[in-house]
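The structure appears below as structure tokens.
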Amino acid sequence: MLRLDSVSRHFGDQHVLDGISLTVPDGQLLSVVGPSGCGKSTLLRTIAGLLPAQEGTITIDGTPVHGVPERLAVVFQEYGRSLLPWLTVRDNVALPLRRRGLGRAARRAEAETMLERVGLRGAARRHPRELSGGMQQRVALARALVCRPSLLLMDEPFGSLDAGTREDLEDLLLELHRGRDATIVFVTHDIDESVYVGDRVVVLSPGPGSRVVRDLSVGLPGERDQLTTRGLPGFVELRTEVGRALRGR
Amino acid sequence: DGGGKPPSGDGRQQLTVAALPLTDSAALYLARDRGLFAKEGLDVRVQPVQQSIQALPALLKGQVDVIASANYVTYFQAYEKGTLDLRILAEGVRIAPHMMDVLVPGDSPLKSPADLAGKKVAVAVLNNIQSLTLNAILDARGAGRPVYRQILFPQMGPALDRGQVDAVHAVEPFETAIQGESGARVLLDAGSGPARGLPASGYITTRDFVDKHPKAAAGFRRAVEAASRLAAGDPGAVRTELPKYAKVSAAQAESIHLPAYPATADPAALRRLIRLMRAQGLLEKDVDPAPLLAK
Amino acid sequence: MTRRQDVLLGLLGSAAAFGVCEAVARAGFVRRSYLPPASQVLARAVRLAGDPAFLDGIGVTLRAWALGLGLACAVAVPLGLLLGAVPVVEAAARAVIEFLRPLPSVALIPLVSLLLGSGTRTEVTLIAYASLWPVLFNTVYGLGETDPLAKDTLRAFGSGRLAVLLRVELPATAPFIAAGVRISAAVALILAVATEILSGFGQGLGIFIAQAETATDGTRDVLAGVVWAGALGLVINGVLVRAERRLFAWALEPRETAGRLRRGLRW
Amino acid sequence: MVRRTALPLVLRWAVLLVAVACWEVAARARDSVYFPPPLRIARHAHALWFSGNAGHLFLTPAAVDTILPSLGRMVSGFVLAAVAGIVLGIAVGRSPRVYALCNPVLQFARAVPPPALVPVFVVVFDFGTPMQVASIVFSAVWPVLVNSAEGARATDPLRLQVVAVLRLTAPERLWFLILPSALPRIFAGLRLSLSLCLILMVFSELLPGSDNGIGFTLTDAQTRSDLLTVWAALVLLGALGHLLNTGLLAIEKRLVGPTASAGRTA
Amino acid sequence: MLRLDSVSRHFGDQHVLDGISLTVPDGQLLSVVGPSGCGKSTLLRTIAGLLPAQEGTITIDGTPVHGVPERLAVVFQEYGRSLLPWLTVRDNVALPLRRRGLGRAARRAEAETMLERVGLRGAARRHPRELSGGMQQRVALARALVCRPSLLLMDEPFGSLDAGTREDLEDLLLELHRGRDATIVFVTHDIDESVYVGDRVVVLSPGPGSRVVRDLSVGLPGERDQLTTRGLPGFVELRTEVGRALRGR
């Protein structure tokens, strides 16, 4: 269980997060939406232990976290820069598998399998800079998924993808999520997406001093499907509600 | 390395000697080539150096056993400062006429040594034997002293040519070369007057070496002194030896002025040098050369 | 730019430089023996290639160069990583390093010789000392330039400080370290020859030059030695550049993407 | 590099003090003329250079004759080397033609040991300051040049495309993109150059016709076996180097500022 | 008029663009959609003269372009990297104004006006790395808009923005477009957006060897409005058609 207790954060005299409290049960997929610049990425970095929380505490399963928690994976918003340019795509994806203690061949095999699942079968031996933006984003995604994290933080992971690829990957995420029981915090700016993938949607207020303004439980069936789920009345209702919260109404 | 100690294959004691490839070391090469060292049971290896001071660390480390043609001024200073417990095995050369000269360009306005006062004169090393002797000569004539500039011998010619200095204080064989190339003329024989007969260089080693290898030290001295006698008696021998080890052509070797090769070490001569050094502030304390001469 | 054009331009530049040297010497501002024309120097340098004693000397110098440079890299890279990665160590070592660094190797020759004697050990020590700094400082600067997001990425995947250092900072810094090694290679070569010249003791290219300097008309030989030193530098740099191109292809602009904007070339 | 808080500052000096104290103890224990204890060196340096009257900032006439000319030559050599190195380095790093043209000659020149060039210097330059500054520049220019070229070469290709689209003129391109992105590396080169300048200053005062300066004092003391003065000169050089370097760091801090590594990609 | 005549492009042995022919009349806003990695960014770079077209020709008003055309502006997909980190946000935006020969103060004033329009009033004096991803993207947008280009190439310019901001900026783009008559090529992976902002939508086929598979004229009224336009039957029809073309049906 991930727990945030009135977490605040400022840069200089600019307040960004203002007392965020959240409890995310194990295995929940929490969508976070909020206006541009409100502090979503800052929130993820704080949870990841990359930025210290200046006030408040973050606990995982009851123990306060200092530094980077175990078995964490992150997809950064700046996916391009987060790939290491001197490694091939395959080696970038295989990188986090080191801590699982796998041999080199096993790591590579696993990386290639995951690359195939994100639709990058042919790109395994190329270098990140030879890929398109969307392909790079999928590499970053594959890298996060391959290490089977128990806490997965994703910052607009599908932002650079076309609708088709995006839907495929949303379904891939849901499938993997169902199979294991990782806790996922999923930042997106797409309202439909937040509802479609999330078990729960949290809406942040615009900065400075962002707070949680809405916390919605998504009561849709666990088995989701791009066509039917998006057509459900519950879905439309939820997305309207999220949209309204986002616009401050 | 660490020569001197282990006898070589034929039972002779091995010695490594650092030497400048100049006229100063002629006796060393003569002694080697004429078998004088072999006669004393010594196997001498010569290690060329460009300046005698450069061999000091090697001497202290035992990489060489003896420094030939060691500049007395430099090594007395080292002795005084405590950097080296000096022992003189044999004398090298003494200053002879025209072994060093003060040269000026052919068309120079400087006509007599007295004109040198306040002028720029090039010497190879400042505050050393060259300025010491030139000052002594000028003082003796009651003339004023020049100011010295440091220029290595090979560059003295171009410097004089380009008017960067008014005169150069050169030694053989550079002296002859400069005269030949640029038509410079001799203003003053820097080996004359009080400079004449002054000891310039010697064969030196450490006290440690003399204490440990008294026999080798004595043998070395006998061989060098014999060679010096030979050189003094037959300058032709030196002139044929020179092109073999120095960058001097046979033609040059025929015409250059040689220094004097003293057959025995003379404390009185060394004392004269030390007095001069004291007078010009190159030594702060008196040094008695007698105990420094190896028996 | 094709390879051929590159080579042609390079030859053109070299020919121009050669021409200037030749013309200056022949113009008669100074006596021929004081500044011999480039053609004579070059001819002498070529003839030296057939002199086994001279080639032995080159071998001695190159050995000292390689040992010194290798020692410098072996010390400087880990030390640079340590300094760049652990601020406390950097803070502590800073004053000592800043004090040691400007100590001129030229002036240290006599002191080091007193400690280690004349010869290879002294030479290698001085070379290593002088060529330590470029590698060290380029390493530290390179670490400072590493993309913080790349570091965060590895940290987020649970890598420790050491793993981040080895897997992100070291590779990201590697091209910069290589540039430092290239600077050091030239510094080491200069030091190898200069130490020999100034210590005047032993064997090597520098001793050849020093001996030529004591001859009455040695300038041509001195300059022939200089030609050899320069040529060695040219070859060493060429080899290092080629190696870098191979190792750090990822850091180069992809040839096709950059199109006519491509300007990047390496030293 | 290091955050400037009080702790590192204290630490830095503490470590230096401890190092000097160890040296003192070791030197006293061995009692060798070659390695005198630092206290004696300091006293000697004080007597030589810093025992003047208050009106001259406590500098003795010997210090004025020794330190100032050296410093002047060094600083002018450094400035010339820096300007030449940055200009040439950027040109060579960004223009394949200039690079191809100059590369062999520059690589050749870079490997030439200055002591071997003395015969040429004598013929080409006037004695004293011109020759000395020339020899300093000739050696100190390379690290700046190589690092500037490297920095210019490593400009982010996407950003090059950006300024191409913005149709900035060549000077604007240089000013707004290439220089700032190469700046950290240029400074790395400048710092190396600075220490080379000190080394070369010592060497340049060995050149024909030199008659003053720290390097001259040093070599003169060497030939006279006056090791205490040798050590004092070395310490003075170290202190000067430290001071100059601190100044350069301050300039760098202002110019490069906190944006040094922000958002750079390899 | 921008004209592409069977433009092809490959990287090494990988074909990316395969004979793209397009004629874009002056003042048209052309939306380009296509699957991730199909070559949209490559197409824009080729039009911008940053990549040479290996086959085919590109002409503007009848003259073939070599190099970067006059009065061009580009919003790169990698917006973050495209900002110069050592300049403040304001100076980044003011940079292209130099070629208009304005004084420093005038440039800054104009930059600030544009920053205000993209909702970044308070951020003018900050440095890019102090901004969130979406804010950086808006800076890149402001920089492209401020120089009043006659040809504007935009590569997923709203990809990192939340729905609200995105809609605002879509409208800003339309408003500016109406006022002047720039030709705009607008790459997006959002089908709705392609129809909403575009006068015409071009769909590219998946690589390798991408071609134009659909070329739709958007017959919606020029005055558009987020609520009413998106509700129009024509709109829904068009987006379905684009979506179908994209899925290759």
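Labels for the chains are A, B, C, D and E, by order of writing; each one numbers its residues from 1.
What we mean here is this: a residue touches a chain if its C-beta (ideal position, glycine included) is under 8 Å from a C-beta of that chain, and two chains touch if they have at least 3 such contacts.
Please read all numbers here as calculations on a predicted model, not as lab measurements.
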Set of chains adjacent to chain C and to chain E: A, D
Top chain pair, ranked by how many C-beta pairs fall in contact: C-D
Where chain B and chain E are represented by their mean Cα positions, the distance between them in whole Å: 85
Gap in Å, rounded to a whole number, between the CA centres of chain C and chain A: 48
Inter-chain centre distance, chain A versus chain E - centres from mean C-alpha coordinates, in Å: 27
Cα-centroid distance, chain B relative to chain C, in whole angstrom: 38
Overlap residues in chain A, where contacts from two or more other chains coincide: 78, 80-81, 85-86, 130
Set of chain D residues in contact with two or more other chains: 34, 118-119, 122-123, 161, 164, 222, 262-266
In chain C, residues with contacts to at least two other chains: 30, 34-35, 110, 114, 147, 172, 213, 219, 250-251, 254, 257, 261
Interfacial residue positions of chain A with respect to chain C in the complex: 45, 48-50, 68, 70-74, 76, 78, 81-82, 84-86, 95-96, 98-99, 127, 129-130, 143, 147, 153
Chain E residues within the chain A interface of the complex: 11, 33-42, 77-78, 80-81, 119, 130-135, 138, 155-156, 159-166, 189-191, 243, 246-247
Parts of chain C lying in touch with chain B, wherever the complex brings them together: 30-31, 33-35, 110, 113-114, 116-119, 122, 199-201, 210-219
Contact footprint of chain D on chain C as seen in their complex: 1, 5-7, 9-14, 17, 30, 34-35, 84, 87-88, 90-96, 98-108, 110-111, 114, 130, 133-134, 137-138, 140-141, 144-148, 172, 175-176, 179, 182-183, 186-187, 189-191, 193-194, 197-198, 206, 209, 213, 219, 222-223, 225-226, 229-234, 236-238, 250-251, 253-254, 257-258, 261, 263-267
In the complex, chain B residues that touch chain D: 53, 74, 77-78, 80-84, 122, 125-128, 147-152, 154-155, 158-159, 162, 164-165, 282
